[in-house]
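In the two complexes below, subunit A is the common chain; its partner is subunit B in one and subunit C in the other.
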Partner chain A sequence: MAKSATKTIPSKTGKLLEVREFVASEARDFGFSDEDISKIALAVDEACTNIIRHAYQNNPDHEIAITVEKKKDRFEVSIVDEGRRFDPSMLKPLNLKEHLTRYRRGGLGVYLMKTLMDKVEYNSLGDKRNEVRLTKYLHPVRSRR
Partner chain B sequence: MSEFKVNHRDGEGFSVLELKGYLDAHTAPDLETTFQKLLTDKKFNIIVNCKDLTYISSAGLGVFMAYIEDVRKNRGDIKLTNMSPKVYNVFDLLGFPVLYEIYKDEQEAATKFRQQMKKG
Partner chain C sequence: MFEIKITDQGDVVLSGRLDAAQTDKAMEVLGRINESAKVDFKELQYISSAGLGVLLATQKRLSQSGKRLKLINMSKHIRDVFHFARFDMIFEIE
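Showing the complex of A and B:
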């Protein structure tokens, strides 16, 4: 089993299905349940959607690199862009009920990513590259969260 | 495989949207267009049948959020039905069951609309 695999896509929402299929197939190989596979694919979709909409502001002429890394006990997905940097500290913690009752659409993707994965990190890689790194443990331990 | 399809039909006093395929940031604009048309036609009682909806992301959920306020202001509602457990799970994670009526099948949602119409 390859330890890592990369897929690079143009920054178009029409490529999201391909990304979900790529990540789901890798997650299946790693041994995740169908439920976890769906969660990982959705989290990666949300990350790419945010990059397309916000980092690249819907400009389709850029690239997003999605790399799956299979570690001993965990599955990590690195999603790299060269767009506007997202500063997670700018995002207030989301009060879901209040958010929804005011019919606000933004921020739901970030909330979902955090809920679906064990860890969500934002890294600045230099050369204007930004990374979102999503981690899911194969056998989660409650204390790890 | 077709990506996403919305089939629109009208019942007595309500409209039904049947969703098929996957609803993500790419296909959400198609559903927005359909909702926009319903609102322009003053059709505010809407049942969304999710039987053949295989996938939804927050971009898809955002469409329901964009229109529910206008629909309810006009004394209508968006009622969701026939969700697969996988799709329901995403709605549930985002707290939608508190704000939206979700029914097992279309019949239940239609009955509810009829009761509401009787009350006037």
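Showing the complex of A and C:
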């Protein structure tokens, strides 16, 4: 049976360390290596940073709910906000050369999340709630990627 | 906790955690760099894409006058983040 734990934070970048520590502790309990724990914590940081900056446009008066779900073979992190919906299809694939010559904010966090995790999903939950769901398998196999 | 200092030689020393909460502080100090400089990562424990963005913006500004940053003393963990973001292809890392 899946076990879950939730942490809710105000939409402030000053809370990112708390989020990373919460997720890292849960990932450690689940049995991930230090390297994978770092990857998961960074991916969740990137998701929360994007929500604070883009969904809530740096307004600190909102909330973000981070729920860790420990399933048999995988670790899922659901990050829920009530801000502006992010449409991943609107984001052009990151072109490194373009990024260097014409640096623009955003995009890199999404690219990193996809690189660090096995699965990144964006869901609309209704009631104006948006979810980013990040999945990491305990023992990944190449075919899943 | 994040600290950023410029040494007497004009190099930059980073320590602590450089996430989105610290980008204004980092940008304020890096904005004073106008010559090629080393950035010492020895005491930096964490960096996210927000921190990478600050370094990239500085590198871009310096490159307009033929100057650049050289990143030194990175831990494996920080180097991995640069690698995942492919920023190891952008910066000179020693």
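One rule holds for everything that comes next: the second predicted complex is superposed on the first by the 142 of 145 C-alpha atoms of A that agree within 3 Å, B and C clash if a C-alpha of one lies under 4 Å from a C-alpha of the other, contacts with A are read in each partner's own complex, and residues count from 1 in each chain.
Following the convention adopted for this analysis, a contact is a pair of C-beta atoms (placed from the backbone, for glycine too) under 8 Å apart; a residue touches a chain by one contact, two chains touch by 3 or more.
The model shown is predicted, which means the values in this text are computed figures rather than measured ones.
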Query - Superposition on subunit A - do subunit B and subunit C clash or fit - result: clash
Query raised in the report: Where does A:13 make contact in the superposed view: on subunit B (first), on subunit C (second), on both, or on neither?
Result: both
Report task. Identify the partner contact of A:38: answer first if only subunit B is touched, second if only subunit C is, both if each is, neither if none is. Result -> both
Report task. Could you tell me if A:108 is touching subunit B, subunit C, both of them or neither one (first, second, both, neither)? Result -> both
Query raised in the report: Following superposition on chain A, which residues of subunit A contact subunit B and also contact subunit C?
Result: 12-14, 16-17, 20, 38, 42, 45-46, 49, 52-53, 96, 100, 103, 105, 108-109, 111-112, 115-116
Query raised in the report: Which subunit A residues qualify as touching subunit C in the complex?
Result: 12-14, 16-17, 20, 35, 38-39, 42, 45-46, 49, 52-53, 96, 99-100, 103, 105, 108-109, 111-112, 115-116
Report task. Write out the stretch or stretches of subunit C touching subunit A in their complex. Result -> 17, 19-21, 46, 48-50, 52-53, 56-57, 60, 77, 80-81, 84-86, 89-90
Query raised in the report: Hey, which residues of subunit B end up touching subunit A in the complex?
Result: 3, 22, 24-26, 55, 57-59, 61-62, 65-66, 68-69, 86, 89-90, 93-96, 98-99
Query raised in the report: Along subunit A, where are the residues that touch subunit B in the complex?
Result: 12-14, 16-17, 20, 38, 42, 45-46, 49, 52-53, 96-97, 100-101, 103-105, 108-109, 111-112, 115-116
